[in-house]
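Read from first to last, the chains carry the letters A, B, C and D; within each, the first residue is number 1.
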Amino acid sequence: MNAIDKSAGLDVARIRADFPILDQKIRGKTLVFLDSAASAQKPRAVIDAMRIAMETQYANVHRGLHWMSERTTEAYEAARDAVAALMNAKDRAEIVFTRNSTEAINLLAHSYGRGVMKRGQAVLISGMEHHSNIVPWQMLRDSHGIELRVADITDQGELDMADFEAKLADGRVGLVAITHMSNVLGTVTPAERIVALAHAHGAKVMFDGSQAIVHRKIDVQALGCDFYCWTGHKLYGPTGIGVLWGRRELLERMPPFLGGGDMISSVTYEQSTWAAVPHKFEAGTPAILEGIGLKAAIDYVQAIGYDAMVAHEASLTEHALARLASVPGLTILGQAQERGGVIAFAMEKAHAHDVATLLDRQGIAVRAGHHCAEPLMRRYNLDSTARASFGVYTTHAEVDALAAGLLRVREFFA
Amino acid sequence: MTPSDSFDDLRDLYQEVILDHGRKPRFAQRLETFDSTAKGDNPMCGDRVQVWVKFDGDSIGRVGFEARGCAISVASADLMAETVQGRAKADTKALFEAFREMARTGTCPSCDAALAEPLERLAPLSGVHEYPSRVKCATLPWHALVAALDGSKEASSE
Amino acid sequence: MNAIDKSAGLDVARIRADFPILDQKIRGKTLVFLDSAASAQKPRAVIDAMRIAMETQYANVHRGLHWMSERTTEAYEAARDAVAALMNAKDRAEIVFTRNSTEAINLLAHSYGRGVMKRGQAVLISGMEHHSNIVPWQMLRDSHGIELRVADITDQGELDMADFEAKLADGRVGLVAITHMSNVLGTVTPAERIVALAHAHGAKVMFDGSQAIVHRKIDVQALGCDFYCWTGHKLYGPTGIGVLWGRRELLERMPPFLGGGDMISSVTYEQSTWAAVPHKFEAGTPAILEGIGLKAAIDYVQAIGYDAMVAHEASLTEHALARLASVPGLTILGQAQERGGVIAFAMEKAHAHDVATLLDRQGIAVRAGHHCAEPLMRRYNLDSTARASFGVYTTHAEVDALAAGLLRVREFFA
Amino acid sequence: MTPSDSFDDLRDLYQEVILDHGRKPRFAQRLETFDSTAKGDNPMCGDRVQVWVKFDGDSIGRVGFEARGCAISVASADLMAETVQGRAKADTKALFEAFREMARTGTCPSCDAALAEPLERLAPLSGVHEYPSRVKCATLPWHALVAALDGSKEASSE
């Protein structure tokens, strides 16, 4: 770790001490974890929050009436408040907990897509989506007669705004569902312009913020969008919990998705009536411990502050782009103006999987494959790439280690 | 009844006055003549209440209710009926807000001094704040009352 | 705790030491936790497994290529093996992870109900189902023209087998979806007879084993059923994970439910193809930590052994039925011959919520309400009941404390 | 190339023979005349292979392949082609099973002694057992070969 890791106002050494997992050897080498975009590591605060809940006050939530159930309900619902504050939602009832981003998007495709949209309308996505923001809309198309449109991206890896607008032109797009930050290219999409254009053409907008939530302060009211989803495990929280935010009036118009306990107001065999939002969308025993862990993660992130996180990431990304440019035969995918700390690359003469394995032997963890974005890979005529991605705990020295490791891989294959 | 001290641990929420109003509510009856009525329903716990109101000019003349529910909700309905009787219609919403605050937090420091006296009467219910899921039991009759004052038939639940 | 707690071959004192939460005071009183049917407490082994995963080897699963991802994938997939062994599934690929029972049943209602069943067929449930096994079928009925039939229960709280058979008679029932153990009455339904009758009339059978899995050794091959679901948090595991088991050939015929990452084989905009079972049904980043916790819970339960657990529970239940019979004015719901350790009751002149709160003030945690079974409550002309339920850590002394506490409540209200 | 000792940490999986077969496969060609062919496809990582086989009576006469994939999968295809050449068709499945066991676990203690010699040739690939998600890279060409022997066009993936 070098001095630069403090320059952005982030004391990375202190932060690293909060993540017990980072301090270890992998295959005899110091761990260099550069796979945070797939899933981030968990700070002590998250681990402890979940442990303490299980040790001291765990019980099922809602209607428990006894002390531990009341306390657990408070803790779980406090997670909703934390999420609402994090995203600047107008109303805590606009926060729906799901398992992950994928379920959030499926909820929307079922409930808004099948329940509110009409046959003949279209959903518009982009050419850089994660499978989780492609497949649910294909399934909607195939079962419900909703057209699926794809806005092109440029060779630089940015949204082609002309094509985007052209695909909105006929007014049949009911919903734009688009990433706020690509998990491959690192591209941050121009959210305000997307919203303005979409709304001008009568379409609602959902952002897939799975990556963006980690890299940008999200203010849904400022963005002006209609839905926004993300996933807890990438924001230093536990697995098993994700978020769908939606404008209250839209959520209220949407039929429920899953049926069962906790989402009803009353049940007879003839007919059931639904609980108010957000509970209408949360069937069954929720991910209670995960909500408690997520709240701890949000508190942790808020204590660091997005400004410091974003500055640190920008500094790391700039450093990484410069260092990787010095590795012969390496091509970086995407050169968007606005980008976050996710960098995919291909190495001449070496397959991405071999690159990843050979880095792993040096203790360096990167991901390799299609990154759940096959159509995007195909756009660049690739099967797979390797990808390095950064978190709050990533150091400039780790970026240097990556560059050095890649040079060795290149030599090894020469 | 056993000497009250043996029930000390139970009594901080279920004070004698609550047990008493829960067991023998004075206002638990449908009014023969009334100006407005509304229902409240908490499907989550099965509590159900209907409130009838007879006005006396700008004041509340008389309140009656029918409730099916726990001791807290019946006692709350009865204490409410007793407390609002004779009060200005216009003040009732403020009282409800103050009561709701007290039910949620145990006190209402920001409450208008003018409400001190009626709040005092409702104070035995303040213990519910320790049981967030029972707060609705105490506030349900108030929701119905406010709905009746507003002329809506159904209370919107919280 | 008294000697009897050892008589069934279960050293309850030792078991209690494994559950850190149990050793505490609630409102100044010793905690008596009798709400395990809503959600069970977690042994140290589960807490530690999740903590250690986060401290030493956490990463996203599947295609990680680096050391921590490989290890986490192994640990997560080992949970599938543990579940398969627990239920005696023929094939680990038959184990689908969901968030909870509720999602498992919704998955079935969507994928089997909308994907395989035909308009005009019927689903047959019983009169003692949890909302989670009612509402999804209502939604299927209303959207897809599948009839919903309800087999009566007797006043004793058992399935009315004559009515059950009569409702199968016309051969239009495609699926019987029925509880294996009621969460209110404690009734264990006659699974083998249900399967034999259903199959004879051409219907598949799904058991909702949310309660049964805690109270009975489940062998899906011996039961002969087609689907079986349960929920991790009731079996001493974490929230956020549940199980749907299905016969492989049926799962293979079913279309996917949620779309996204991890459930595909390949994706183009025109068409996607699906991964093999069970991954076809597991979209997005799974509940990884929860899988790891669930495996620890299963290992814990297996180490105790179902025989000992069932014997302990039978002994507790018998004791409780006797003790509660001595409380004047108390009515117990259901008197099934075959029953587990879940006892719902109503007290004369005291509302169930008041009973629960007054028990809580004595440190005794029970649940009160409709227990997500409104139609069943209505069957007995009740709005709500209080319910005590037992776990491996419950002692006979705690049952005595419940009886004593109820006597005090009765006096208090007298 | 740098002296091999500086790459010791990389070489236990990527032994020289693998790099060599991965870089310059000897059998990487479509056969002009063949008796059977089949494809293997691992959509999870994009590896793709096609195998052609020419029989020689009951034996495998010649094997050719085209592969797109990582060094492990290309080297495995090449070593496979070299190893099975001239072997009885009937033995090939047993060899595949033995190889798969070795790829999964690092050894094959239960394997038939008769397979010792060919397994020895495939042993450089045994290092993949440390990387469960790469095991398929090594076994994919074998799946295609077995499919070709069985007369099916597509290998069923694991």
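The working rule: contacts are C-beta pairs under 8 Å (C-beta built on N, C-alpha and C of every residue); 3 or more make two chains touch, one makes a residue touch a chain.
It should be emphasised that the depicted structure is a prediction, and the values quoted were computed from it without experimental measurement.
**Student:** Taking mean CA positions as centres, which chain lies farthest from subunit A?
**Tutor:** Farthest from subunit A by mean C-alpha position: B.
**Student:** Express in whole angstrom the distance between the two chain centres, defined as the mean CA positions of subunit A and subunit C.
**Tutor:** Computed value for the inter-centroid distance: 31 Å.
**Student:** Cα centroid separation between subunit B and subunit C, in whole Å?
**Tutor:** Comparing mean C-alpha positions, subunit C is 38 Å from subunit B.
**Student:** Based only on mean CA positions, could you tell me how far subunit B sits from subunit D in angstrom?
**Tutor:** Those two chain centres are 79 Å apart.
**Student:** If I count partner chains per residue in subunit A, which residues reach a count of at least 2?
**Tutor:** 27, 63-65, 69, 264, 266, 353, 357, 369
**Student:** Can you list the subunit B residues in contact with two or more other chains?
**Tutor:** Those would be 44-45, 131, 134.
**Student:** Looking only at which chains touch which, which shape fits best: line, ring, star, complete or other?
**Tutor:** other
**Student:** Which two-chain combinations touch?
**Tutor:** Chain pairs that touch: A-B, A-C, A-D, B-C, C-D.
**Student:** Would you tell me which residues of subunit C are touching subunit B in their complex?
**Tutor:** 27-29, 350-354, 357-358, 361-362, 369-370, 383-384, 408-409, 411-414
**Student:** In the complex, go through subunit C and note every residue touching subunit D.
**Tutor:** Residues 62-65, 69-70, 73-74, 264-266, 273, 276.
**Student:** Could you please specify the touching residues of subunit B with respect to subunit C in the complex?
**Tutor:** It comes out as residues 1-2, 7, 9-10, 12-14, 19, 23, 44-46, 68-72, 131, 134, 137.
**Student:** Going by the contact rule set out above, which residues of subunit A touch subunit C in the complex?
**Tutor:** For this pair, the touching residues of subunit A are 20-21, 24, 26-27, 33, 35, 38-39, 41-42, 46-47, 50-51, 54-60, 63-69, 99-103, 105-106, 109, 130-136, 138-139, 148, 150, 231, 233, 238-241, 256, 258-264, 266-269, 271-272, 283-290, 353, 356-357, 359-360, 364-369, 372, 374-375, 378.
**Student:** Show which residues of subunit D lie in contact with subunit C when the two form their complex.
**Tutor:** It comes out as residues 43-45, 130-134, 157.
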